[in-house]
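Two complexes follow with chain A in common, the first pairing it with chain B and the second with chain C.
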Partner chain A sequence: MSVVFSRPRFRLEPYVEFAKVAMAKEATYRFDVFTNIASVLVRVYILRTVWVALYAHNAAPSELPLHAVITYSTIAMLMSLVMDIDQTRILRDSLHDGSIVLDFTKPMRVPLYFIANGTGEVLFHAVLMIPALALALFFVHIDVPSFGTLAVFLVSFLLGYSVGFCINFILNCTAFWTLEITAVQFIVTWITDLVGGELVPLVLFPAALQNVLVVLPFAAMFSTPLLIYVGHIPPAQYAGALGLQAFWLIALGAVSVVMWRLGARRLVSQGG
Partner chain B sequence: MAIIETADLRKVFRSVKRRPGVGGAIAALFSREYEEKAAVDGITMSLEAGELVGYLGPNGAGKSTTIKMLTGILVPTSGSISVADLVPHRQRLENAQNIGVVFGQRSQLYWDLPLRESFALLRSIYDVPRERFRENLDHFIEILDLDEFMDTPVRQLSLGERMRGDFAAAMLHDPKIVYLDEPTIGLDVVAKEAIREFITQLNRERGTTIILTTHDLADIERLARRVILIDDGTIIFDGPISRLREEYGTHRTLVITLADSYEDVQVEGADLESREGNVVRLRFDRRRTSAEALIRRAMERYALSDIAIVEPDIDSIVRRIYREGYTEGAIGSPS
Partner chain C sequence: MKRLKAMARAYREYWRINVLTTLEYRENFLMWFAFTIVYHGTALGALWVVLTAFPSMNGWTFRDMAFLYGLWMLAHAVNNTFFSEIGNIPDHVHEGEFDRLLVRPLDTLFQLIATPGQTFPDELILAVSYFAAATWYSGVHVGVLFLIFVPLIALGGALIDLGINLIVGTLAFWFVRVDALQWIVAQLEQEFTRYPVSIYSRSVRLLLTFAFPFAFMNYYPAAFFLNKPENALALPPAVGLLTPLIGLAFVSVAYAFWRFGLNRYQGVGH
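== the complex of A and B ==
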């Protein structure tokens, strides 16, 4: 008796299963999750205090009144619940311990496996944003924009998240060549924090610097969705803002594909 | 028709030559010198469907490298491979569906998951029909005794338990071909026996073609009829294990226990192999000296309290080949 296998057709099912498993696994680190939410709330509280103090002693910038900047910071912290995850860490880990060799003996698209895993983790954290948001609404009294703005914000957030995902994937792909990538990753995280608009809105930077920073992919991750939320980017500029984000997503998506191909080619010629 | 075929298969690894120290590391930034090493150097072999072949060789001989090329995760430098009519590194996904892999040094189970969930994931990856999956799973649970720890996270399993889990994981999709790279490494005698029994059944009842590498020659003695011996990336022997025994198992050992103490022990027709106190081991070529004559000579010269003749085991045969190299017709040149 012989079983004849035809050319495998693509099935989504295993990747959905991987995502589910990753989600369930995240849920088992419950302690982590609660400390995570707690730390976000603490940071929100501290930032609020800082902004209040700063605004009390300086002339408020016309672009961003106090309540807007507090809203901005709070939403930024909530976004970081899913943005700050090292989603494709498992790629780096399996290159480190060599288990990627076994991944390649299975009839699956290996990068999709890593992506599904990261997406599962993130989805779990995305669910956590809901209680965190409720607490933020209750304690910090953030602004809630119109339904239309909220919808555009969500699209922009999704685009920004995807840009961040690509950057993370590209960084973890460098593990194909060097296993010492923590330093690089640290620097990129630091740059993102600084010039992505997560901690300080880019509109508060000097105009010359601003013009450079807003076109960088880091701004696409945080600044763009946040400025849409607080209304600093008006509806007339939505198309341009989202377009720039989409551009970065496509560009970095292409880089991701190239990095993966080069890395995988190196792996199959050099061995694990 | 052959199910696995390779012709003049080679794999050359190129690695950056490293000079020691900080200076060396800095120099390497500017000029790179490469070192080439042929891990597999012209291997031609052919396996029929349903064969179980032992793939042997000393450390670094190129066994794992060969297996990696057969599974499609390593691209050969030159030569050709065909596995069930596929070229593994070109048709990786299709080939993956046909094969099962167990690497003793690594696990394919998901570390945080219980076996049961790992198996369910594998079912979905290989698209095994649910009916067939349940049949296989029940069968493996029974013969590998997995029942007690099906719901324990893999991280908490002992090596032996994990290994049994790995075996089941590799076979759930009814692979036609199975590669086992040191599957009994680190296992106790009972666990080894269970694994060997499982391999035998797989080969006999399902007709699975199996390539097995191991450093435990008892595995080979028990499981394989044919062995392929490689050294430095080339095949030095390919044939039935019985031929290896005939050609290399020409030496027996006479073990005598002396009843008195003697300074030098020498018996004509045998070489002293070792001596520990009163126990003396003498090696002789069975085609030149008969055991009977040797014993007689020994008894004439010494007072003995015990005598035994030890046949060469496969271990000592292979040890000798690794040490001396294999030469066709070794029979004619006893050392």
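== the complex of A and C ==
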């Protein structure tokens, strides 16, 4: 396996095809699609009921009025449709069954193949957000911000998604060294949901805790785009908020590259 | 009688294998134990944050909710410890392993429940410890009634859990792939048991009481022990003690459905 291939000229088309195949694969499980959307609806109903009950008997916290918190939680749930996907699972799977060796012999850049596959899967679920959102509107009223804010939100969401992608890739890369990481992935997902502000907006956390959590990469995944959406982060702070997200993306992107290189080398030195 | 003896022997053997497997894969066990702790930790963390920002929800404080959560955790842990294999019915069906169980001399459901894996009572130990702490924290009076009924309620709650999983699992006889449904039912159970049922609309309260009796896993018993005045359906507080009976009734319905499915099962063509 230590043969050095002369790299063919890079072409994007094969990776687009990989993504399409992954998308088609996801679409075959129609029953899953249906139950997924149904589950979003029930959870939107629950979140509305819970927040209404909380705001009904207490003085509303000044940070977020009821309509903003319902908007926040609904958008967070829709975001989780794509954020909670184990995008690079195929890396772990092909390490488990050894097929990664074959992947290396193919004329392609292996990490790009994994990324394309994950992206296809995610795009399919991103499309599902549209019917889920449309149906959710029967249960909740969602604030729609100005076009400018929406655009910044989308940029921030993309940055947050990419940070999440890197964390997922790094976790799956650990499969080069240790094979059983399912539990660790669940643990990271739950911790992200809590300290990233998906379950409860970070602005409702006690102040001391908040100051720590906002600078972590988990906040970059959920909290930052969501707080931009509901207008809690004003335009004057956009640069700082997006800058911090970009910082985490670069840092974790660098870690991903290093992990991949070390992992791939280890694979080669073991003889495939 | 002979049959019961055979079952008891098989069941003992089942636990022996479980413990040996767990000891063999110690790192794996520790990782899943951490998983269990983080799962409950993040759920309670979210409750704590919310109820720090808002002092109460429909008259329930964090102390009350900690107890509510504890009751659910106890029932859920009993189910996960003794009946976790029910969740694998769909796998057994589409791998074709299920057919093997059908030709063996012991009851099919019993064989399923006693399929060795890596089950270990770690979650149950965690749940009992948490529940003891939550009981103290919430200031619930621990009397004779409490000591007699809490284990029965945990068992009844576990039967409700088992019943719902058995119903979903049985659907695999017709639909084969029910993974998403299983996942969603688990998630809904977890969400609907987290907050007092009284916050939901009347129709949902009726559903959670009579159709999918999750409210009996923790809401009604917790309302009874915490002396909460308002009840979701203005039922007398003592309904909280009916959980064991509700559990038995619900699991009987689920079992009947399972028998019905089993009689129609034709295999997936292996």
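Keep this in mind: the second predicted complex is superposed on the first by the 262 of 272 C-alpha atoms of A that agree within 3 Å, B and C clash if a C-alpha of one lies under 4 Å from a C-alpha of the other, contacts with A are read in each partner's own complex, and residues count from 1 in each chain.
Quick note on the criterion: a residue touches a chain if its C-beta (ideal position, glycine included) is under 8 Å from a C-beta of that chain, and two chains touch if they have at least 3 such contacts.
Computed from a predicted model, the values in this text were never measured in an experiment.
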First, second, both or neither for A:204, with chain B first and chain C second: second
Which of chain B and chain C A:25 touches, first, second, both or neither: first
Touching partner for A:186 - first (chain B), second (chain C), both, neither: second
Chain B versus chain C as contact partner of A:130, first or second or both or neither: neither
Chain B versus chain C as contact partner of A:14, first or second or both or neither: first
Touching partner for A:105 - first (chain B), second (chain C), both, neither: first
Chain B/chain C common contact set on chain A: none
List of chain C residues in touch with chain A within their complex: 28, 31-32, 34-35, 38-39, 42, 45-46, 49-50, 52-59, 175, 177-181, 184, 187-188, 191-192, 195, 199-201
Parts of chain A lying in touch with chain B, wherever the complex brings them together: 2-3, 5, 7-8, 11, 13-14, 17-18, 21, 25, 28, 97-99, 101-102, 104-108, 267-272
Complex contact set, residues of chain A against chain C: 29, 31-32, 35-36, 38-39, 42-43, 46, 49-50, 52-58, 61, 180, 183-184, 186-187, 190-191, 193-194, 199-200, 204-206
Chain A-facing residues of chain B, complex: 13-14, 65, 68, 71-75, 89, 92-94, 96-99, 101, 103, 106-108, 110, 112-113, 117, 120-121, 124-127, 174, 176
